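Next up: the structures, one after another.
There are two complexes below, and they share subunit A, which is joined by subunit B in the first and by subunit C in the second.
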Partner chain A sequence: MSRTTLGLWSVAALLFLVAPLGLGAFWQFIAIEALVFALYAMSFNLLLGYGGMLSFGHAAYFGLGAYGVGILMAKLSAPFWLALLAAPVVAAVGAAAVGYFSVRLTGIYFAMLTFAFQMLFFTVALKATVLTGGDDGIVGLTRPGVLVDPAVYYLFVLFITALAIGLLYRMVNSPFGQTLRAIRENARRVQHLGVHTRAHCWLTFVIAGAFAGLAGGLFALSTGSVFPGWLDWTASATPIVMVVLGGLRVFTGPIAGAFVFIGLETVISGHTEYWPLFMGVIIIALVLLLPGGILGTRSGRVGH
Partner chain B sequence: MESLLDQTWQNLTLFGNPTVVIRQTLSGISHGMLLFLISAGLSLIFGVTRILNFAHGGLFMLGAYIAMSVIGLTLAGLPGFILSLIAGAALLLLVGGGLEVLLLRRIYRSAHEFQLLMTFGLVFVIGDLVMIIWDREERSVAAPELLSGATRLIGVTFPTYRLFLILVGIAMAIALWVLLHRTRFGIWIRAATLDREMLGALGVNTRRLYTGVFALGAALAGFGGALAAPVLAVGPGLHVEVIIDAFVVVVIGGMGSIPGALVGSLLVGLVNAFGILAFPSLAVVLTFALMAVVLIVRPWGLFGRPE
Partner chain C sequence: MSVTDSRPGDAAAPEPLLRIEALGKRFGGLVALDNVTIRLQPGEFRAVIGPNGAGKSTLFNTLTGLHRPDLGRVFLSGTDVTGRTPHALARLGVGRTFQITSVFAALTSLENVQIALLAHSGRSWNVLASARSIQVTRARGLLDLVGLRDREDQLAGTLAHGDQKRLELAIALATEPKLLLLDEPTAGMAARERLESIALVHRIAREVGLTVIFTEHDMAVVFAVASAITVLHQGRVLAEGLPEEVRANPVVHDVYLGETTSDDAAGQERA
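Take a look at the complex of A and B:
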């Protein structure tokens, strides 16, 4: 890492650490949301940017993590820490089941199968009222001790997110990540080199699901609630938009994408009820004008 | 748990009642025909352009709203109804052609995620524009007198309009068959579904063909929306509901195949109709499970071809 990048990282770290503490509770909540979605988008980019797998059902694992926390705390009165630890585990189990079937397919068929499973989870969340509260969701989740304070919870989320992103960074630059990128470029060739590509993709799918579940759990504990809309199909487009917006060939792209997206959403929906219209126009403009994303270049590749 | 089992068992005994079975079959076919009107266009567009048009539900919704306005502006009776169907199809033909020329044409060579995002962005734009042009009220549209009420058929009484939907669905299936097999445009469509590059190399103007197919698909959606207006609650969110159903149908039947769309529609319609009978709260889960099973066993669908 060069001296300039190190400097830039330090400044960014300091900003993340201090800036939101001076803001009111509302913006602290938004900052938490942005962090959580940065993690969520990063977990998604592991699939799309590094593995070339376009999942159109990633919201399922965010939702599984959130419902894991919600059900454990509200229905089984589990303590906070146990519930938070369970979030990535629950999501990983779900991702393992779905991934087992999905990684056999590629391209648009992979997208459709992950989508089908997500809709399965969504309808179950909607219909299994006893556990999930159906349309009304689960509300009234509380954080223990000092974490009740949004500023403290922000620092807590920042710590966990940074840790998770650090892990992801190590992973994509390890032989595991290199192999994943090679599979993206030419799966058959990697297979002939003796790698079990399907198992590799499956494991990636499970890891991505676990991180999405962690994000979902953190978010549920931020809002104190879980709703079925979090794992609806429109929610699965959110990480795709964030990743493409930030640049899917850049490691930090999803972070930028998540912050810009959440920022735009907060500001625009504060002024008009037609946020979806703006979002649609932004998405279309993005596809037509800025396909490399904010941080990306058209032909850039991750890690090159 | 026990009461749930009891309930399910009681529901299952309904399958022994011929009246119930006939009514559910008719209702499944009728719902299936409605699904066919939406999914035929979706499938055509995917077959030729390879784009999964999430905005197709929005086009359907536009058709329903246009029909509602036409019926509101003109006289209600039969002439107003027929005019509403023509307006729904004709206006959406223009909208579809316009969208293709302005937007979709630019992304045929893009990666899947960009194509997905583009049509996904359109979902929100169309959804909100409809709310701006009309409003957020949920409305119902009256069917013309000739088609309202109920008809007695093979021992059951069934809403006349739903029987009419079945007839229109059959007519539409025949019309599409004739179009695809007996006209030059149809032959081009089928050829493009098989091999786009080759068709271009043989001197067909594929650019114009793509515009035509997208416009045709949109017109089918508009017609379907106009036709469905009397049996649906025309309101916000309609486009999101119908696209999911159409999507499931097309995946099951095979993307790009019209016979597949027809069989998939009837299958989903019937699974829904009988699923509601057996497990009222889980019928929706059944259709997604069906979709997942088809994708696992035959990813290209019942009537599609592997790539």
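Take a look at the complex of A and C:
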């Protein structure tokens, strides 16, 4: 890592550590949301940016993590830590089942199958009222001890997401990640080098699901609630927009995308009820002006 | 130019490296391969020729696991490998290159070769090591072998066509195959470049003791390097033998070599 990059990272780290502490509880909540969605978008980019797999159902794993936490705490009285640990596990199990079938397909067929499975999870969340609370969702989840304070929980989420993103960084630069890029470029070629490409994509799908589940769990514990809307198909579009906005060929692109997206959404929705219209226009403008994403044009092929 | 180490189909020969027994493959009503039997001795540099649609690509795709044959068996050093998957066959030592150049365009030349080395050493599942530093020396050695050492940091997609072909060869060699299948290794090249290119492959194959089977449309290329030639026609083996035997075969002349001049001209127009 060069001195400039190290400097930039230090400034960013300091900013992330200190900035939200001076803000009120509302902005701390928004900052948590941005962090959580940064992790969620990054998990999605493992599939799209690195693996070339466009999933239309990534919200399923965010939702599984969130419902995992909600059901464990609200219905089974599990402690906070156990519930949080379970979030990525539950999501990984779901992703393993869906991925097993989905990675047999590619392109639009892969997208459609992941989409169909997500609708399945959504329907279950909506109809299995005893467990999920149906349309009303699960509410009243509480955090233990000092974590009740939004500022402390922000630092907690910052620590967890930084750790998770560090793991992801390690992974995409590992032989596994390098092979995944090669599969994105030319799966058949990789096959003929002796790699079981389908198994490779399956594991990637499971890992991406686990990280999305962790994000979902963290978010459920931030809002204290879980709603079926988190599993809806529109929720799967969010990480797609964030990733494309931030730059899908840059490792940190999804972080930028998530922060810009959440920031815009928060500011604009505070001013007008037509905020989706303004969001749409701004996103279209950004995508047209910065086709490689917000970070894409500057960093070139950092994440290639 | 060079002559075979042993005649194909010689009864006294040891177990062939590749033994294809009565292979059959059909797609709907089309018979792509019909009772194809080929034996390949270690060290051979075998050309498979035939007009378009003769079954060359189907043969290659069946040998590398993309198609499952309807009939017949394939043995690799005596082991029945019929119907194995592409990655399993690759791990057993069957390497290949593609008619349409298949490099990883968004990665550098060095990374292209590194990926093949990772795959070969079974490290493609390692999620924690750093990929950048893995087997750099060996990867550079392979780039050196094909004459791309000074292009290691260039994105493969930006290399000239001939260089991409050479990179693809380095990728294939990185997996240390016992048997290498080259699907039209000189496709899209200018006439002079073709001979240089195949001479490079031929030299490397000699050096590392590789057995090669290749398809090729340019007869100058075929007769320059092939140790033996198999002629496919309408999915069948029409003739097989040393280059001079095939050249002298009147049947081959009628169905194929007779049209060489026109085919060659077409090839040069394309290039």
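The rule we apply is simple: the second predicted complex is superposed on the first by the 288 of 304 C-alpha atoms of A that agree within 3 Å, B and C clash if a C-alpha of one lies under 4 Å from a C-alpha of the other, contacts with A are read in each partner's own complex, and residues count from 1 in each chain.
Note that a residue touches a chain if its C-beta (ideal position, glycine included) is under 8 Å from a C-beta of that chain, and two chains touch if they have at least 3 such contacts.
Nothing here was measured: the structure is a model prediction, and the numbers come from that model.
In the model built by aligning both structures on subunit A, subunit B fits alongside subunit C without clashing.
In the superposition on chain A, contact of A:G7 is made with neither subunit B nor subunit C. In the superposition on chain A, A:R189 contacts subunit C only, with no contact to subunit B.
In the superposed model, A:G166 makes contact with neither subunit B nor subunit C. Contact with neither subunit B nor subunit C is seen for A:P79 once the two complexes are overlaid on the shared chain.
For the combined arrangement built by superposing the two complexes, subunit A sits at the apex of an angle of 80 degrees to subunit B and subunit C, based on C-alpha centres and given in steps of 10. Contact with neither subunit B nor subunit C is seen for A:G263 once the two complexes are overlaid on the shared chain.
Set against each other, subunit B and subunit C differ in how many residues of subunit A they touch, and the higher count belongs to B. After overlaying the two complexes on the shared chain, residue contacts for A:Q178 are found with subunit C alone; subunit B is out of touch.
Of the two partner chains placed by the overlay, only subunit B lies in contact with A:V241; subunit C stays clear of it.
Minimum Cα-Cα distance between subunit B and subunit C in the superposed model: 15 Å. Subunit A residues in contact with subunit B (one complex) as well as with subunit C (other complex) do not exist.
Residues of subunit C that touch subunit A in their complex: 64, 66, 85-87, 90-91, 95-96, 98, 102-107, 111-112, 114-116, 118-120, 123-132, 134, 155, 171, 174-175. Chain contact summary for the complex, subunit A toward subunit C: residues 170-171, 173-179, 181-182, 185-186, 188-197, 200, 203, 301, 304. Per the touch definition, subunit A reaches subunit B in the complex via residues 48, 54, 56, 101, 104-105, 107-109, 111-113, 115-117, 119-120, 123-124, 127, 233-234, 237, 240-241, 244, 248, 274, 276-277, 279-284, 286-288, 291. Residue ranges on subunit B touching subunit A, taken from their complex, read 50, 52, 103, 106-107, 110, 112-114, 116-118, 120-129, 131-132, 240, 244, 247-248, 251, 281-282, 284-285, 288-289, 291-292, 295-296, 299-300.
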